[in-house]
Amino acid sequence: MSSHNHQHAHTIADDIAEKTFQDVSLCYQCGKCSAGCPVRYYMDIAPNKVVRLIQLGFYEEALKSETPWLCAGCQTCSTRCPQEFDLAKFMDAVRELALEKGVEIKHKDILKFHEAFLNQIKRFGRSYEIGLIAEYKMKTMHLMQDVDSGPDMFMKGLLEVIPHKMKDKKSVKDIFKKTAKK
Amino acid sequence: MSDKNWEPKIVAFVCNWCTYTGADLAGTSRLKYPTNVKLIRVMCSGGIDPVFILKAFERGADGILVSGCHPNDCHYNAGNFHARRRWTFFDELLEYLGVEKGRLQFSWVSASEGKKFVDVVSKVVNDVKEMGPFKSYDELNSEFMTKFPDMPEIDKNMIIKEEEAV
Amino acid sequence: MKIGVFICHCGENIGRTVDCPRVSKACQWLPGVEVSLDYKYMCSDPGQNMIKDEIRKKKLDAIVVGSCSPHMHEKTFRKAAVDAGINPFLVEIANLREHCSWVHDDIDAATDKAIDLVRMAVEKVKRNQPLTTIEVPVTKRTLVIGGGIAGIQAALDVANAGYEVVLVEKEPSIGGHMSQLSETFPTLDCSQCILTPRMVEVYQHPKIKLMTYSEVEKVEGFIGNFTVTIRKKARHIDESKCTGCGLCTTKCPVKKKAFNSFEENLAYRPAVYVPFPQAVPNIPVIDETVCTYYKTGKCQMCVKVCGREAISFDQQDTLVTEEIGAIIVATGYKLYNIEKKPEGSMIKGYGEYGYGKYKDVVDGLQFERIASASGPTSGEFKRPSDGKEPKKIVFIQCVGSRDDSKGFSYCSKICCMYTAKHAMLYKHKVHDGEAYVFYMDIRSGGKMYEEFVRRAIEEDGVKYIRGRVSKITEKNGKYIVKGEDTLASMPIEIDADMVVLATAMIAQTEASELAQTIGIPYDKYGFYNEAHPKLRPIESTTGGVFLAGACQSPKDIPESVAMASAAAAKAMVLFGSDKLEREPVVAKVNELFCAGCFLCKKVCPYGAVEVKEMKDRNGVVYKEIAYVNEGLCQGCGTCTASCPSKSIELAGFNNEEVFAQIAAL
Amino acid sequence: MKVGYFPGCSQTGTAKEYDISLRKVVEKLGTSFDEIKDWTCCGATSAHVTNHMLASALAMRNIMLAEQQGLDDIVAPCAACYNRLVVSQHETMTQPALKTEVEAVLDTKLNKEIKVMNLIELFQKIGKEKISENKTFDIKNIKAACYYGCLLVRPSSITHFDDAEQPSSMEELVELAGAKTVDWNYKVECCGAAHTLARRDIVLDLSKKIIDDARDHGANVLVVACPMCHSNLDMRQRAMKRAYPGHKEFPVLFLTELLGLALGMKEKELGIDKHTIEFNYKELAAEKAAV
Amino acid sequence: MEELKKLAKELLENKTVAAVIGYQQVDDKRTKPIIVTTPEDASKLVFNEYCLNNLAVYLTKARIKNLAKQNGTTLKLGIVAKPCDIHAIVALIQESQLKREDVYIIGMNCHGVVKDYGMDFSGETLATKCTPCDSHKPLYSDSNLGEVKDTPKVSDEVLEKIQAVEKMSHKERFEYFKKEFDKCIKCYACRAACPLCYCQRCITDKTVPRWVESSPHSRGNFSWNVVRAFHLSGRCIGCGECERACPMDIPLSLLNRRMTETAKQAFAYVSGRSLDTPTLVGSYDVKDSDELFM
């Protein structure tokens, strides 16, 4: 006779639990994740605090944070977490949810980079650096960035002028179509 | 006996340390539950033989509860763990043979769970009431009675009811 | 068989909802019932006298009392029955109060049920067997395993009460971890100073047989009647001749081959050594693994210098058996080690803290030795790598504790306190030094404990930072400690000269093996299980085996000592009488029909089922069957339900009795 | 011996020299590659940070192709690709719901688990001893700081490869090739990874710390096994010089290039000349002698 | 076949074993058990698709055990065993009825046996116990003989029947089994044929108190069959000898097999497969499912 039959509304915390197969209550806020995070200094909210916000139900504040977008996915936090909470996976889920819920993303550049990258794959099946750089620059209007290393690489034959294409492009387009979020 | 007035006969096999004491607590807390239930106390849920269940059905029980200490709380460390394996088999077997799930139920009730004891017992009574009398086994029992009216039973002399006696 | 039925009204408690006169009248007609009466208070003196009178008058064989729960007054009515000449096990209680009147409202239905309950009890009592309590003799000697502070305290308490004690310690000296500590919290008194007199007292006590450098090898028997085999490891020194002059240890040419484990590997020791100057007994041991003689057959420097001819290279281990009545297990703890653990271990070690490769990242006990006036640095704070005084020191708590990933989930309980003590000791000696403590929560419950921690912060200026450290790296002789202050939500990096890890208190290496030898259960961490977490915290579930100190869970000194005294008291309770009385609710095997499948043996939680050989007239074994050791059996009956051929029965709750109750439904 | 090969996008672009040197070294050690035909991008960071399903499907398409091609094991020399493939495969194969969904997207049935290897595992499979056996050129003046980055060893519960905090398998290979290694602190720190375009400041900061620590611990070369790490550590040094005046150039080699040198190949042959920071063993040796 | 005879002869000659329990040909399509005690008789031993019996049942019989006792010492008992028969031997060893060193297992490679004597061996006549069988090579054998052939692939008849029964309502099921059990004449042939029914006195023969009503009526029949199936739960090795022995054709394997599936699904345990794992009944795992309990 289970005593845990309390019905409650589906929350963001539940969404995260479903996406990551782990409950945010696992986190006991020791801060080891933040302590070891290589991009911690650039974040507006410490990684452990993002978890805290979700634990307490301050969902909007958490989803709006730029921290998940700055997360490089290096998994240092997940590897060292004493509670075996996979924080990197948690950050993935927060980002996905931020996009799903249409929250305004502070770090548009990073999102735009990801969009540009995926666009390349959608078109060519593989990433194509010149195209990527061009598209990214068009999207962000950071036209002068990387002028220092670009020509260098180009001269050394590291940047291809013509994208490497794969043959079965339809199957890749299909994957994008079928996994597209409504 | 019309079905409307029919009251099921429920037996509970309980361990001495947790569920029996939990039932005591239900009493001291003055919680209420139906009178249909009668408890048979054994030392440990590990000591309850599945044949007890058959015997109880033979004696006309409509529903049976088996209850002991929660896992890891057994007074004897591990009796309930052995019981759990045993009942997993017996429960599957009985259900396979056509005994509805609710006829035989299991629970862990600790000495501090007077309320849970009441909940569990009430659930068993309600479930069995919903299922009605245990007709399948009653048939076996009545066949036995008609086929062997003179069969000496160890307990035959016990069935004398008070009215008959007076 | 003549049975008497007595229905109690319990004032109004039963009488209000159960029509007691109707119950007693109805039960009068039950077969076998000679007399059936009801009374206001059956447990009162007049009530009990009524029962006794009826038993005598009607020559009753058994009685059933319809009253409150058997857990309340079964003993009372059994005693009344015994007074009137009936075996106590021919008394059955029908629980008419807790299981009937108090839980039902409908008077008719409750009364009907009460009659059923009495009838069931009557049918059971008809089949009850008279049983006599089991008596077992008691050997009034105690075995104490472990010579740390808990073992010492327990041994002294039992011995001072006049009972003999055998104290077994696996190391060459008693004293345990407490002898390694510098000062103790919260009083900051010197550990050695308070411990050494106790050690000497043990050594000189006429009732204590001290066996150091010895280990328990086998435990047989049961409560009051254990036979214990102890392995006395070869010291290679004749204890009867050695005077403890220590000349051999100073002359031994082996200098830097073996780490000094008492100094937590911060120093070396010779091949023939006394663990520490205050050791009890003050008799050296020769370490075969590093001694030159055992490698080359030459040297014998110790032999040359010993004026008493006490060196005995060919000494062998000896086995000693002792008859014991009670066992006190006080084997203590060890510290979690951050080194990398082999694949598949339950714990992992801390790679982010260097897996032990940094010399100046030490654990709590090493720091105790550094702080100790008798330690390798004579109490001056010097870091191991270069002997410089650390000016900035970082303490990290919860290393291996509260860590599901690399260590154990539990809290080691004492680290908050000893870390505060460490920081304080450091600040008292190095006034210009900085001390930082990384903590998760400060757990300082205990007399003067919280005050102690506050003192470290307020008076000694120790900086507490709430957060776990992510990584320690080494750069130019400094240790970069990367953390986060979760209160300020600020990343923090400290370039420390030394780092002290408050590593977890964990079970001794061979804790589970010893538990299996003695036959006591242990938890998944290797700590020994108490019989009941609240009400029987000192006893193990095995009769006659008691627990003291950190072998049960992490503990500080006062707790260990309290538990040791409690364990001693428990042992003395056992010795209070010459014979041990036990409820006769034990299983018994039907030897004729037992087929020897030993399912009962497999399910028995107490190892009470043994193998018995059945022999024919010529002494040839014709079958092996189960045999229940009454001393060990606790009467759960799991064996009886498991037995496929029903060749094992539990006295007092046998199957026939249960069947009778079912039949009476 | 033949091993399945998943080059990954970088191998065809910015890290072409990695591809070249890898193929040459492997060939020298008596192994050949069976490239997955018509492979796609693994999805990289961009897919899994924004759309988990897309990430799983893109990665699993390659696993599917490998299965169809009859491969038992494949090597993904890029640490990021390796991580994506291993993790996606693990998740897909252990989560029945995800598996069903991925199968629906790819319109196929996934039956076989393919062993995905990283660069170091590849050499372990080929046989570490072959490196020392085939060694023809002495590179003893190289003092290498072996850089694993984050994705080679993590998550160790899935990759089961080396120690997550103090790995040592790359050092073993480098030492077998005749170079020396140093013990340093930033073996598994992150270089900033995919932030290379959007947040160059972060990448410069992190990469600089890595290079400085390697130098501080006496290394003269940084050895990597990931094209993304290489581009951040090598290519970004130009910008690093501008952002951190006084930054001194530090050569960054792919593990395969280092092995190539030991196996007697020339810098140009291995594509080392394509690096932003120049490296020439002779010069290094001369410098060393001068000191 | 010759190697079997040769081996048995040797074992008997050099006194490794006191007797070999094996099969003897009766006619083309029929064998019977034989206990060979002299080297000369070893030539009578055969092994083929008609060796239906699970000879492990003889290992616990006192008279046969006594054969091994010669001149004050105890020799081994040799037994010709199919891989599935060895499962019974393993279970007997685990349940202390036998010591591993007391038995010499001549393990035969097996590709199935026929349902009954007189049939030609083919997929259709493959015994039901052989259809789900995955043990074609003997484990724990002292000698491994016989040729390896493919087992005919046929559908698992018993499992299909179980699934059919499970589709019925509770009432229908009860009726079905009641009808089947009503055929029982309490001859206990099932018990006698079962290698794991080695009790000295069966529960059904215990009278005080009476556990199982032994008189022939539905209720007693029901109890007996429930108790028999329960006592074999998690232990039955699926040799099907009980069903083959039943003169009234009660589908006993429907019960045994069903409980075997429970053991597999709930506890990932298959009886008689390993001497190193503890028996399912008699051990427990703290992590066993707790679903059944409120």
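Lettered A, B, C, D and E in written order, each chain numbered from 1.
Note that in this section a contact is a pair of C-beta atoms (placed from the backbone, for glycine too) under 8 Å apart; a residue touches a chain by one contact, two chains touch by 3 or more.
Everything numeric here is computed off the predicted structure, so don't read it as measured data.
The fewest steps needed to get from chain A to chain E, moving only between touching chains, is 2. A count of contacting C-beta pairs for C-E and for B-E identifies B-E as the more extensively joined pair. For chain D, the chain whose average C-alpha position is most distant is B.
Nearest to the global CA centroid, when each chain is reduced to the mean of its CA atoms, is chain C. Taking each chain's centre as the average of its CA atoms, chain A and chain C sit 51 Å apart.
With each centre defined as the average position of its C-alpha atoms, the distance from chain A to chain D rounds to 22 Å.
Rounded to whole angstrom, the centroid-to-centroid distance between chain A and chain B, based on C-alpha atoms, equals 57 Å.
Residue positions 352, 603, 642, 655, 659-660 of chain C are each in touch with at least two other chains.
Of all residues in chain D, those touching 2 or more other chains are 164-165, listed in ascending order.
Counting only residues that touch two or more partner chains, chain E has 203, 209, 211, 281-282, 294.
If you check the complex, the residues on chain A that touch chain C are 28-37, 40-41, 45-46, 48-49, 76, 80-84. For chain E in complex with chain C, the touching residues are 69, 95-97, 198-203, 206, 208-209, 211, 231, 278-279, 281-283.
The touching residues of chain C, counted against chain D in their complex, run 340, 350-352, 354-355, 357, 473-476, 480. On chain C, the positions that touch chain E within their shared complex are 592-599, 602-603, 620, 624, 642, 644-647, 655-656, 659-660.
Residue ranges of chain B in contact with chain C, taken from their complex: 9, 11, 20-21, 23-28, 30-35, 38-44, 46-50, 52, 55-56, 59-61, 74-79, 82-83, 86, 118, 153-155, 157-158, 160, 162, 165-166.
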